[in-house]
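Chains: A, B, C and D, in written order; residue numbering restarts at 1 for each.
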Amino acid sequence: MKLHLTYFAILREQRGATEETVETDAPTARDLYDELKLRHRFSLPAERVRVAINGDFSDWSTELEDGQRVSFIPPVAGG
Amino acid sequence: MKLHLTYFAILREQRGATEETVETDAPTARDLYDELKLRHRFSLPAERVRVAINGDFSDWSTELEDGQRVSFIPPVAGG
Amino acid sequence: MLFQIVHVPIDPSLLQRQLANEEAGACVTFEGWVRRHNDGHAVQALEYEAYEELANKEGLKILEEACEKFGILNVIAVHRVGLLRLGETAVWVSVTAAHRDAAFAGCRYVIDEIKARVPIWKKEHYESGSTEWINCAKP
Amino acid sequence: MLFQIVHVPIDPSLLQRQLANEEAGACVTFEGWVRRHNDGHAVQALEYEAYEELANKEGLKILEEACEKFGILNVIAVHRVGLLRLGETAVWVSVTAAHRDAAFAGCRYVIDEIKARVPIWKKEHYESGSTEWINCAKP
């Protein structure tokens, strides 16, 4: 399936891109992060990252579907 | 002795004056308040009033001296 | 550190500029506004009166206590006196600190102590035409 | 109730005017300022970045929670993104209520939750030339 990814902050810098479309067989959001972490050498373990699907916070165990927008949320630091 | 009195808020209205100079033999601030309360029918019991002498909070038991500035402080309500 | 009794409307932006400080990460500000209802009465205006000499001394003492207790960087407190209309600001307290814990605690302390200790009095003017000195009703 | 991510300097007086309310007796405002020192580092500037779509949803959810939990009258929260210099305001939260207990508690809740939950990130630029994404260092 095809997924549309957006990256923010430290993940955007480590990926070297703000967004990309990927082809993947990862069944869950967690599997996708693990795959990308390995490919792009992300420094943050999944335990410190959250996932958002189609603009809402979601669970790592959520099954991915073709065409979704997926974003990984590094530890926040507003204020 | 002669004392210079200033009145605020409800005491000013009940006295009908902002300030006055009085001749008194009242030994303490508390005695003076009791004397004035009777004379001017102040509604507030001394327990709910504080006294300031020469611009500083003081004790009711303070002995008065000629020429002092004495003010009675009704319950405050700033803010 | 500044405590003031003023007879004109309070200008927050002018006051807050005096608190600018590169070591401050947090600024907490309290404003007390004249509101329409108090204890079920419809308020039309408030009249504040102060014993200014003593209010200034006691106010400054409170600010010094706040600095010492909470390690704040700076604090300004201004109380207006005279006749105030609905919506106007009666009191303005602003506190800066490196972090927000101290700024919140310091600001809260200052307004609580001002209300409890500073010789300022408030007379409510009601729509009915009657008036009342707050906290001074017979026991 | 308003939550906003803005790309320009925050104008407090303009925002606060929207909170005017004759039932409000208390207004508590928190401002987060860029300060020179953090954890012993000399900071030159801060860079904030947000996932705006999600930040707006999560921000509004926090404001709704604050209204429900504390019975406040209104709340506005604005967070700036982009490059900020020393002394500039990164976040502004202002809460009105009938009384100060609710205004203080509501304001504190909103800033705490924004810091913990809203997808906004901060990169510190140090005088040494190095930079760091806050909270993202290796464990």
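Note that contacts are C-beta pairs under 8 Å (C-beta built on N, C-alpha and C of every residue); 3 or more make two chains touch, one makes a residue touch a chain.
Just so it is clear, the structure is predicted and the values come from calculations on it, not from any experiment.
Comparing the centres of all chains, each the average of its CA atoms, the largest separation from chain C belongs to A. Chain geometry summary: the mean Cα position of chain B and that of chain D are 49 Å apart. For the pair chain A and chain B, the distance between mean C-alpha positions equals 73 Å. Per-chain Cα centroids separate chain A from chain D by 26 Å. Within chain C, the positions touching two or more other chains are listed as 32, 111. This structure has the following touching chain pairs: A-D, B-C, C-D. Of all residues in chain D, those touching chain A in their complex are 32, 48-51, 53-54, 57-58, 79, 90-91, 111, 114-123, 133-136, 138-139. By the touch rule above, chain B contacts chain C in their complex via residues 6, 8-10, 12-13, 43-45, 48, 52, 55-57, 71, 73-79. Residues of chain D that touch chain C in their complex: 12-13, 16, 20-38, 86-87, 96, 98, 100, 103-104, 107-108, 111.
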